[in-house]
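Paired with chain B in one complex and with chain C in the other, chain A is shared by the two complexes that follow.
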Partner chain A sequence: MTRKKHISNAIVYIVLIVISVIWLFPFVGLALQSFRSYISEFGGMVNYLIPKKFTLDSYKFLFSGECQFPRWYMNTLIIAVAATVFNTIIIICVSYALSRLRFKGRRALMNIWLVLGMFPGFLTMICLYFLLKMLGLTQSGAVPGLILISVAGAGMQYYVCKGYFDTLPKALDEAARIDGANRAQILLIMIVPLSKPIIIYTALLAFMAPWCDFVFASYVAFGYSASYNVAVALQQWVWTNDFQGYFTRFCAGGILVAIPVTILFMCLQKYYVEGVTGGSVKG
Partner chain B sequence: MKKTLSILAAGVMAASLMAGAAVTAYADDITIWVAEEVTDFTKEKANEFLSSNPDFSGFSVSVEPVGEGDAAKNVLTDVEGSADLYGFAQDQLARLVSAQALTPLMGDNAAFVSENNDAGAVSAASMGDMIFAYPLTSDNGYFLYYDSSVVTDPTSLDQILADCEAAGKGFYMEINSGWYQTAFFFGAGCSLSYETDEMGNFTSCNVDYASENGVKALKAIIALAESPAFHNGSSASNAANCAAIVSGTWDSSVVKDMFGDNYACAKLPSFTVDGEAIQMSGFGGFKLMGVKPQVDADKLAACQALAQYLSGEEVQLARYNAKGWGPSNLNAQADDAVKSDVALSALAEQLAYAIPQGQYPNDYWSLATSLGDSVISGDYKDASDETLMSALQSFQDSCISYAK
Partner chain C sequence: MEEKKSIGSRIGAFFRWIGRDLADIGITFARGDWKTRISFLVVGLGQILRGQYVRGISVLCLAAAMLFYIFGFGLSYLKDILTLGTQGRGFNPDGTISLGDNSFLILLYGILTIIVILALVLVWRINLRQNREAQELLAQGKALPSNRKDLYSVLDRNFDKTLLALPVLGIFVFTVLPIIFMICVAFTNYDYNHQAPAKLFTWVGLENFRNIFSIGGEGYGGTFFTVLAWTLIWAFFATFLNYFLGMAVAIMINKKGIRFKKLWRTILVMTIAVPQFVSLLYIGKMFASDGLVNAYLLKWGLIQKAIPFWTNPTYARILIIVINLWIGIPYMMLIATGLLMNIPEDLYESARIDGANSFQMFFKITLPYMLFVTGPFLLTQFIGNLNNFNVIFLLNQGRPQSMNLKGGAGYTDLLVTWLYKMTINDTDYKMAAVIGIMVFIVTAVISLVVYNFLPSVKDEEGFQ
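Let's look at the complex of A and B:
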């Protein structure tokens, strides 16, 4: 019996190791390449993985003033942080209203939003572009424009959060009402502290979308490099012929983009899992 | 209901006011899109021009790096929002003209272009009888870079492959690109060109790929793809373990670093089919600078003058000295420094065999890519002449169908 168990364990571990090697390879490759110097070695793609000498040249380049990387990074950060704050507030408010208040057309509204939310956002891209252009929010105004895009439809992503609110007993609300609290006080003083996991989950999701956005960012900021986000700026280093030998610098930029997300997820992982499962108890 | 409507209407008015304000704020700013490599160069030259021409003192310039290969894609996204002047590769001319994204040159401007540039560059900037852009370079073609310690005879493709195989190194050529493929087809004597009208529409197609010559060319491509030394690719910075690569002057500094003292250039080699040696041909190409149609006549005049300056002899020569871009201006071409450049000389030698690149529909490029891809994946390995002929026949039929 134990022998059988050993064998099956061995097989499982071998499979797991093989899968994790395959899965980790691109990340390790990216990290290793980013330490190859584009000055003393070669900045393009090469047929070996481990750099002959580890240097920080590629990282230094990003902050040397020869490119606008700090600017792109700030753009991305501003958009992502603003979107996170606004999205979270809007989603909490919408979810609370849908969970606690009863008004005419509530069901219909929820259904319509759910259906609208099924359409991929970039279907409306061209319309949005011209709308933003009329408002002066493209090219040089792309950063506020992109914030508007990510915030505008936020309320439609109410369902997980609303599901979580539904699990909180209504008796709490009623007790507070009897003690004289108004709706806003109930939300801020009672519901929000009880819903930490779901709020963190909502905020993380809201952060990730603009942080990784390429499609909208490339359209709205097109041809105006000071408004690029990191994804748009970095992709031109690998895709256009004008940038030869920028591969290691692209890798370095990619690592710097991954760091804050990694830290965020590591710190908030506990809440994230609770958040994902929390809303599904009752929906 | 009435109230909501009036609020909406007010909102729309406010928005259009804002839009108007946004447009006027940028009216005196001339935006220029060029390749990243020459962004600073262009900025410096454009500012020099503005400061030395008091007529245009009210204008300022801002220069953005936008690749010339993608210029049409970016401009056509939103012509109104794109740059006032932009550099682009000449194969995009037809698309830009049909989208009315280029101001046609009249009178003196047209004469300036046709008198000062080589014939290939002028025809590349023209559609019908009309000139639409200012030539910047005549260096958009490809030739052979090789490592002289590996390749013993750069004039024969078979010898190059044999040398690369013996040294365990790679020979790079992007045979799944409609641009590089023509080296074989045009070399074997085939032709493929499109007629366009002044609106940029394709009216007819002259093609004879489905012929004995076409089969020869395709056989040579298949033979090349079967060599263990062959790699599909044309970007030197992505080429690993490379001893020879077919690319253009834009790669010269990367290749120089890669090959070091063994850096050498030559015209394209000849390939051998059924014992017959055939010199490779290919496309010759040009970079152009276009002026976007303008509402404001003063601004248009400033843009035209600036484009003329940036494509003139002095700036072309300075651009060659700073960045190595081969000039299209006849006087700049006659300069000693330009004449003594190894890569440019190899290109000049190759351009004698090349066909000046005309306008091709987008579909052609994807069709050529799929033909190249099937060759690379081995679909035509050991195929009979009949199979190849029928593949080329369907290629040819597709090409013709794009011109209707």
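Let's look at the complex of A and C:
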């Protein structure tokens, strides 16, 4: 019996180690290739993994003034922080209203939003572009424009947060109302502090999304490189033929983007897990 | 149940409701005093005359702004909505330059004007109701709610309106209006050859829908069904492979006697933490013809010629599903870990006493429980995968393209990535709009059908 157990555990360990290697390989590769010099070796695709000499040339390039990497980084950070603050506030407001308040049209509103969510987001791209252009929020104004779009759509992402509010006992609200609190006070003084995990989860998701937004961002900032975010700028280095020798520089930029986001995520992992498991069960 | 009502009875109910409402308006006028009656003409005046300044001024301002939009701006566009403009940019008969009409603006502002008119009717109706209430309260000798109380109500009785005003407005302007606009575009010939303002576009009825279903010749039908089939196959594999393998990994990590549980989990979670555009772009390049994988296979002499991972349709499709495991397994592992711990340990204990082995326990206890609990989650995952833009686009942009496929589609394109390409590369907005509507139909049908079959929806207490 114990022998059998040992063998099965050994198999599991082997599988887990293989999985870990596969899962980590892209990150190791990314990091290794970012240290290959595009000056003394070659910046494009090569047929070996470990650079012949480790240099920081690719990183130096990013901050050399030859490209606007710091600017792109700041743009993304601004969008991410603004989206985090405003999206979270909006999602809390909507979730509270839909979870705790009963008003005419509540069901209808939820159903309409559900149906709207079934349309693909990219469908409305030209129309959104036009609306932003009318407000002067394209090209040079792309950063506030992207924030506006993100915040405007935030209300429809209430599901997980509302699900959490639904689990808070209603008796709390009633007790507070007897004590003379109005509904705004209940939200601010009671519900928000009780919902810390889900608020952190919501904020984390809102913060992570802009780092990956290259589709709409490239459309809105079209041709105006000072308004790019990192995703838009770096994907060009991989895809466009004009940037053939830029692969190592993409790797370096990718590392600089990945490190802070990853650290933040790992610190808040607990809340993320709570959010996804809670959200998945309720559906 | 409310949802089970037939459409016929719903329509009937709608018209009865309209009838009742009209009758109600009539009664309000007939029994109204002069203050109520004057509000039929000037919205909010009755409230102001009764001293309810907050209510009166707010509805008055709303109605004034709407009227200003309709007459100052909207109607000039709305009048052309049936033709979407008749005169393009060019020269007038007398030789002067004419700016001409702009179909895009006519359609957009025309839709907006219709909606504003409906909203104005709603404000007018609310205004009548407020008047009637106030009049009835006064007739019963009661005091009207004070302005202070009205103001305070936005934090209490009407707090829902305060909370939802901005989100609803944002969704209206940047989601609802654009969607209505694009649905209308599907019935026009708005494309590369009909770009406003230089050229006008106009209504063409169901022409584009005929195009997307017509197979052979110039029709998009063949391509559409190829892409649709791949979209469904992809979503199926992406959802269920991730689901079962993710669960398997979770079970392995949680197995008794396995150490470093936290380490394994952290390694896997890295894929969720690192932005996908970094990791997926890198992996996409890894499998390129000059990428690392081919390079090492060649170097070790395992192959003679680079494997065309991204240029052979079948390889590309399989590879995308496999790489998606890299993204999907950690996510499912996290969810499964939480849920597996919820399964009561004594279920396993009694199964063990009855002599069940671990496979039997998995198929008789774990799997049924997981399927039951995660039914809705699987549905949302499936829908999400139908629209999984990032994985497809970052890995190989839907390629390989082919002469057999129309509209710039490639063999790994999903409907959404095809839609994106049509908007950006071909500026074929009309067909992009049609595809968008198709995606909506597919999503809605699958959601409705599956949702009604889910055990956890039918029977909420089922697994207890």
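The rule is short, and it goes like this: the second predicted complex is superposed on the first by the 276 of 283 C-alpha atoms of A that agree within 3 Å, B and C clash if a C-alpha of one lies under 4 Å from a C-alpha of the other, contacts with A are read in each partner's own complex, and residues count from 1 in each chain.
The criterion applied here is as follows: contacts are C-beta pairs under 8 Å (C-beta built on N, C-alpha and C of every residue); 3 or more make two chains touch, one makes a residue touch a chain.
From a predicted model like this one, the values you see are computed outputs, not experimental measurements.
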Touched partner set for A:Cys93, first chain B, second chain C, both or neither: second
Partner with the higher number of touched chain A residues, chain C or chain B: C
Partner chain in contact with A:Gly153 - chain B first, chain C second, else both or neither: second
Partner chain(s) touched by A:Phe247 [first = chain B, second = chain C, both, neither]: both
Partner chain(s) touched by A:Met45 [first = chain B, second = chain C, both, neither]: both
Contacts of A:Ala10 with chain B and chain C, given as first, second, both or neither: neither
Chain B versus chain C as contact partner of A:Ala231, first or second or both or neither: second
Partner chain(s) touched by A:Phe122 [first = chain B, second = chain C, both, neither]: second
Partner chain(s) touched by A:Leu188 [first = chain B, second = chain C, both, neither]: neither
First, second, both or neither for A:Lys133, with chain B first and chain C second: first
Interface residues of chain A shared between complexes with chain B and chain C: 45-47, 219, 247
Chain A contact footprint on chain C (complex, rising order): 104, 108, 152, 155-157, 159-164, 166-168, 170-171, 173-179, 181-182, 249, 252-253, 255, 257-258, 264, 266-279, 281-286, 288, 290-292, 295-296, 298-299, 326, 330-331, 334-335, 337-339, 373-377, 379-380, 383, 387, 389-390, 393-394, 397, 415-416, 419-420, 423-424, 429, 432-433, 436, 439-440, 443-444, 447, 456
Chain B contact footprint on chain A (complex, rising order): 42-47, 129, 133-136, 138-139, 141, 219, 222-225, 236, 240-247
List of chain A residues in touch with chain C within their complex: 5, 9, 12-13, 15-16, 19-20, 22-24, 26-27, 29-30, 45-49, 90, 93-94, 96-97, 101, 103, 106, 109, 113, 115-116, 118-128, 130-131, 148-149, 151-156, 182-185, 187, 208, 211-212, 214-215, 219, 231, 234-235, 238-239, 247, 250-251, 254-255, 257-258, 261-262, 265-266, 269, 272-273, 276-277, 280-283
Touching residues (chain side chain B, partner chain A) in the complex: 15-16, 18-19, 21-22, 31, 33, 35-37, 64-70, 74, 77-78, 80-83, 235-241, 250-251, 253-254, 257-258
